[in-house]
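There are two complexes below, and they share chain A, which is joined by chain B in the first and by chain C in the second.
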Partner chain A sequence: MRLFWEITRRSFRRHLTYRTAALAGLVTNSFFGLVRAAVLVALYGDREVVAGLDVQSIITYTGLTQAVIVYLSIFGWYDLMNAVHQGEISADLLKPMRLFSFWLAQDLGRALVGLVLRGFTIMLVYALIFDISYPAGVAQWGALVVALALSWLLSFAYRFLVNLAAFWSPDAKGIGRFAFVIVMFFSGFLMPLRFFPDWVQTVAYLTPFPHMLNTVVEVYLGVVTGSALVQALLAQALWAFGLVALCQFVLSRATRRLVILGG
Partner chain B sequence: MIDVRDLSKHFQVRKRHEGRMAVLRDFVTRETHTVKAVDTVSFNVAKGEVVGYLGPNGAGKSTTIKMLTGLLVPTSGHLTVNGYTPWVSRQTYVARIGAVFGQRTTLWWDLPVIESLELLRYIYRVPEQTFRDNLREFERVLELNEFLTSPVRSLSLGQRMRADLCAALLHDPDLLFLDEPTIGLDVVAKERIRGFVKHINEVRETTVLLTTHDLADVQKLCPRVLIIDHGKLLYDGSLTRLQARFGGKWHLEVDFTEDYADVTVGGAELLHYADQRAVYAFDRRDLSASDLIGRLSARYSLRDISVQEPDVETTVRRIYEEKLLVQDPII
Partner chain C sequence: MRHTLGSYWRLLGAQVRSQLQYRTSFVLDVLATMLITLTEFGAVALVFERFDDIQGWTLGEVAFLYGLVELSFGLMDMTFAGFDPARFGQEVRKGTFDRLLLRPVPVTWQVLGSDVTLRRFGRVALGVGIFTLALNLNPLVWTVGKLLYLPLVVLGMVLFFGGLFITGSTITFWTVESFEAVNILTYGGSFLISYPMSIYQEWLRRIFTFMIPAIFLNYYPALYFLDKPDPLGFPAFAPFVAPVAGGAVFVAALLFWRFGLKHYHSTGS
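Up next, the complex of A and B:
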């Protein structure tokens, strides 16, 4: 456990050092957030509420989704893949540590920097420009924290799993690109899932993707409450721990393949 | 400490077609052939030894090291280190060994060296006191303090190698693998690395297995060498013995005071003669250098002489190129 925090701490500090890149990213994410907000507001036209979301909610939605881009690496993450392809992974295998926990700890540091530096700042920018909504009460704030934590774990497990393809294929980047585009659509990043026909939502909820982002958004906006909220968080947890277990299994297969076939 | 018997590693390599439709045939068929990267190799290494592991590129050195460090599973044969089978109990095993690969670093690229080292302390669960003592000692011997707070990416190759050596030894491993630790380094940096390895071996009795292409490393560090080529172990013994057996002839260079028409002398072969200077080759087992000089000075007037012993570099190159040991390995 101590090791985990030491790795997280270092990763956090390391990601803090890229200040110019962070600022550039912040400007880009905010700008596109405002564009998305403007487009959606225009689409609303005279209508007050669409699929249970009013104008204030939809503006808040664009802010939220932009705010978690870095936290959840929505646009993709290829670090493990690169480490495998460049052979750096063998240096990690020579150390007495668990690979999954090691990368998890590193990603936690990265995600926390993303959440603080990018996420909070974007919400602040939004709060200054728009009249956005906020979670009401301790219970909803608590639920949001839980949802955010689970969404990170789930997103990491998914990204890790996708990256493990590198052990089998030298062209795993292509697989990665496809896998991350799917996330953008089915997680409700491009549009809230509520806007889609029922059957699309049904299909989406058979995948882990809505639990990565849509759940966070709906918890924040307060559109899921009561037993539905508990159910949503449970589903998130189930997917997250399920994928973590799958990661461990595939990882053990991957290392066995590596040590038998050679790097 | 290291016990290797009939160790083999075979790789299946995809066969590529040639000629027309080669790409298509590559795509539809999956013919493979077997490459014997390591083929029935046997050796033992005792505690405290420094052993040089030599061989031309592609001989099977790295494959052997990968098996010894648990990164590869052998196709067949027996391999234990300290009673462990490396790839079976990898996590426990790697905690007791150290490894430095000259071509790549085990440190974290973006972190200052000291941060990397401290992280390794947690990974290897090194007690605080041991860590501080070791760090102080290595800092002194490797002169680390000038760059301890710089990020790894900004280090020179020599500095990075020193940092890597320190990292590999902080947890007091019994066994150290060095894979080309002096590659690309200047003379001073090489000396420093060699000095440190010698120090570690003498003070801590750390067993060292070293692969290198720089024979000066071997001459300065390894009383014993193993030579491997095409996956087969060809030689196990000292470099001196190898030199005595395959060293070839000594050379004697002579400057005469005047032009002699004929400077041939019995027992030595005249290789070259021009401008009052002659080069002879002679076998030391038949004729000693002083005898040869005696014979020459009896007949001619000499201004200057120099004796050159055959260098190891040449000997080893001949062993690789002329496959001197392939027919009957000395092991």
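Up next, the complex of A and C:
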């Protein structure tokens, strides 16, 4: 376990060095957030509340979705794939640590830097520009922390699983592109899932994707409370640990068929 | 010039052959590109069921804006792929750009010929699809003028987006690593003009009118095609300057690119 935290710490420090890139990214994310907020506010027109979300909530929503892009690697993550295709994976397999834990620790460091440099900062920019909402009370803040942690674990497990395709196919990148585009739609990144017709929401909740992002948004905005909140967090946990287990299974298959070409 | 163009076509031919070499990979890429546009537009279309309109613009009218942008951006992305800032920034960082400077063919043509992303064809196809949907939802009153002007609007936007790509790439001469803020220009610009410009706050609209003349490329032509009144009170010729505005951005970008080339210092790696 000490090894795990050491790797996380080093990954954290490594990612922390790219501060100019983070600033540039912050400007970009804020710009997109602003434009998306303008579109949604224009859609609202004179309406005050739509599907349980008021105008303040919808503006906050655009900030939240931009804030977690890096934390959850929404636009895709191909690091493991590249390591497999380039053969670096052989070195990882020799390490005195399980492959999954090794990559999990590295991703935790990366995600935490994303959360600090690109998450908090975007919300700060939003707080300066807009009148956004905040979670109320210790319980809601606590639920948000749990939801954020679970969403990262779930997102990592899914990304890891998608990347494992590289053990089987040289076209894994194409498969990955599909896998990540689907997340953007069904996780509620493009639009809040509540805005979609019922049948789309039903389909979405058959997948793990709403638990990656939509749950975080709904917990933050306080639209799920009481027993529904507990259920939402439980569903997140179930999907997260389910996918982690699936990763282990697929990984054991994958390493058995791995052939490294020397060079 | 004949030598230059000949080299350009040869470079492109090599790109096309190499991309078609990996069939499965290519087909997957085209489909993934289509899926991106499909989900993004799909999300907007599904939400319209709840909202009916966006400040007086129906789904069909927004689809008109959206389809034209996707179509034009896709066409631009295919032909100007060599100037994609994300890709070009890599060349500058790794120093591979230096190789082009040594060859006896104008460097601009070489960059242009260094990549052609055939998979973006998916985006063009869906752009046409969304545009067709727009015409179905919202039949236009076609006139000879409109028919003749439509290709010029697309040309204007291709030049406009091409200019943004060139500008973004030129910036990487100084920033070296691909600079994420450049995305504001390229992807931000195309996202912004996929919606009616009247919905944005005054300051944002001003930037995209006077600093970057984006408002004339899609919004004003759309007002003309859809016979919608102008809520912003611009002069009556505003809908018809799209090719000029696009051309101006393109020429300005080329001048900036020339300037950048003159001041280029290799990373030396």
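By our rule, the second predicted complex is superposed on the first by the 258 of 263 C-alpha atoms of A that agree within 3 Å, B and C clash if a C-alpha of one lies under 4 Å from a C-alpha of the other, contacts with A are read in each partner's own complex, and residues count from 1 in each chain.
Assume a contact is a pair of C-beta atoms (placed from the backbone, for glycine too) under 8 Å apart; a residue touches a chain by one contact, two chains touch by 3 or more.
Keep in mind that what you see is a predicted model, and the values were worked out from it rather than measured.
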Query raised in the report: After lining up the shared chain so the two structures overlap, which partner does A:27 touch, if you call chain B first and chain C second: first, second, both or neither?
Result: second
Requested in this report: Please indicate which partner A:88 is in contact with in the superposed arrangement: first for chain B, second for chain C, both, or neither.
Outcome: first
Requested in this report: Answer with first, second, both or neither: which of chain B and chain C does A:96 touch in the superposed model?
Outcome: first
Query - Superposition-derived comparison: chain B or chain C, residues of chain A touched - result: C
Query raised in the report: Of the partners chain B and chain C, which touch A:45 in the superposed model: first, second, both, neither?
Result: second
Query raised in the report: Is A:175 touching the first partner chain B, the second partner chain C, both, or neither of them?
Result: second
Query raised in the report: Which holds for A:7: it touches chain B only (first), chain C only (second), both, or neither?
Result: first
Query raised in the report: For chain A, which residues are in contact with chain C within the complex?
Result: 21, 24-25, 27-28, 31-32, 34-35, 38-39, 41-45, 47, 50-51, 170-171, 173-175, 177-178, 181-182, 184-185, 190-191, 195-197, 200
Query raised in the report: What residues of chain C sit close enough to touch chain A in their complex?
Result: 22, 24-25, 28-29, 31-32, 35-36, 39-40, 42-44, 46-47, 49-51, 53-55, 177, 179-181, 183-184, 188, 191-192, 195, 199-201, 204
Report summary line: Seen from chain B, its contact residues with chain A in the complex are 11, 63, 66, 69-73, 87, 90-92, 94-95, 99, 101, 104-106, 108, 110-111, 115, 118-120, 122-124
Query raised in the report: In the complex of these two chains, what residues of chain A are touching chain B?
Result: 2-3, 6-7, 10, 14, 17, 87-88, 90-91, 93-98, 258-263
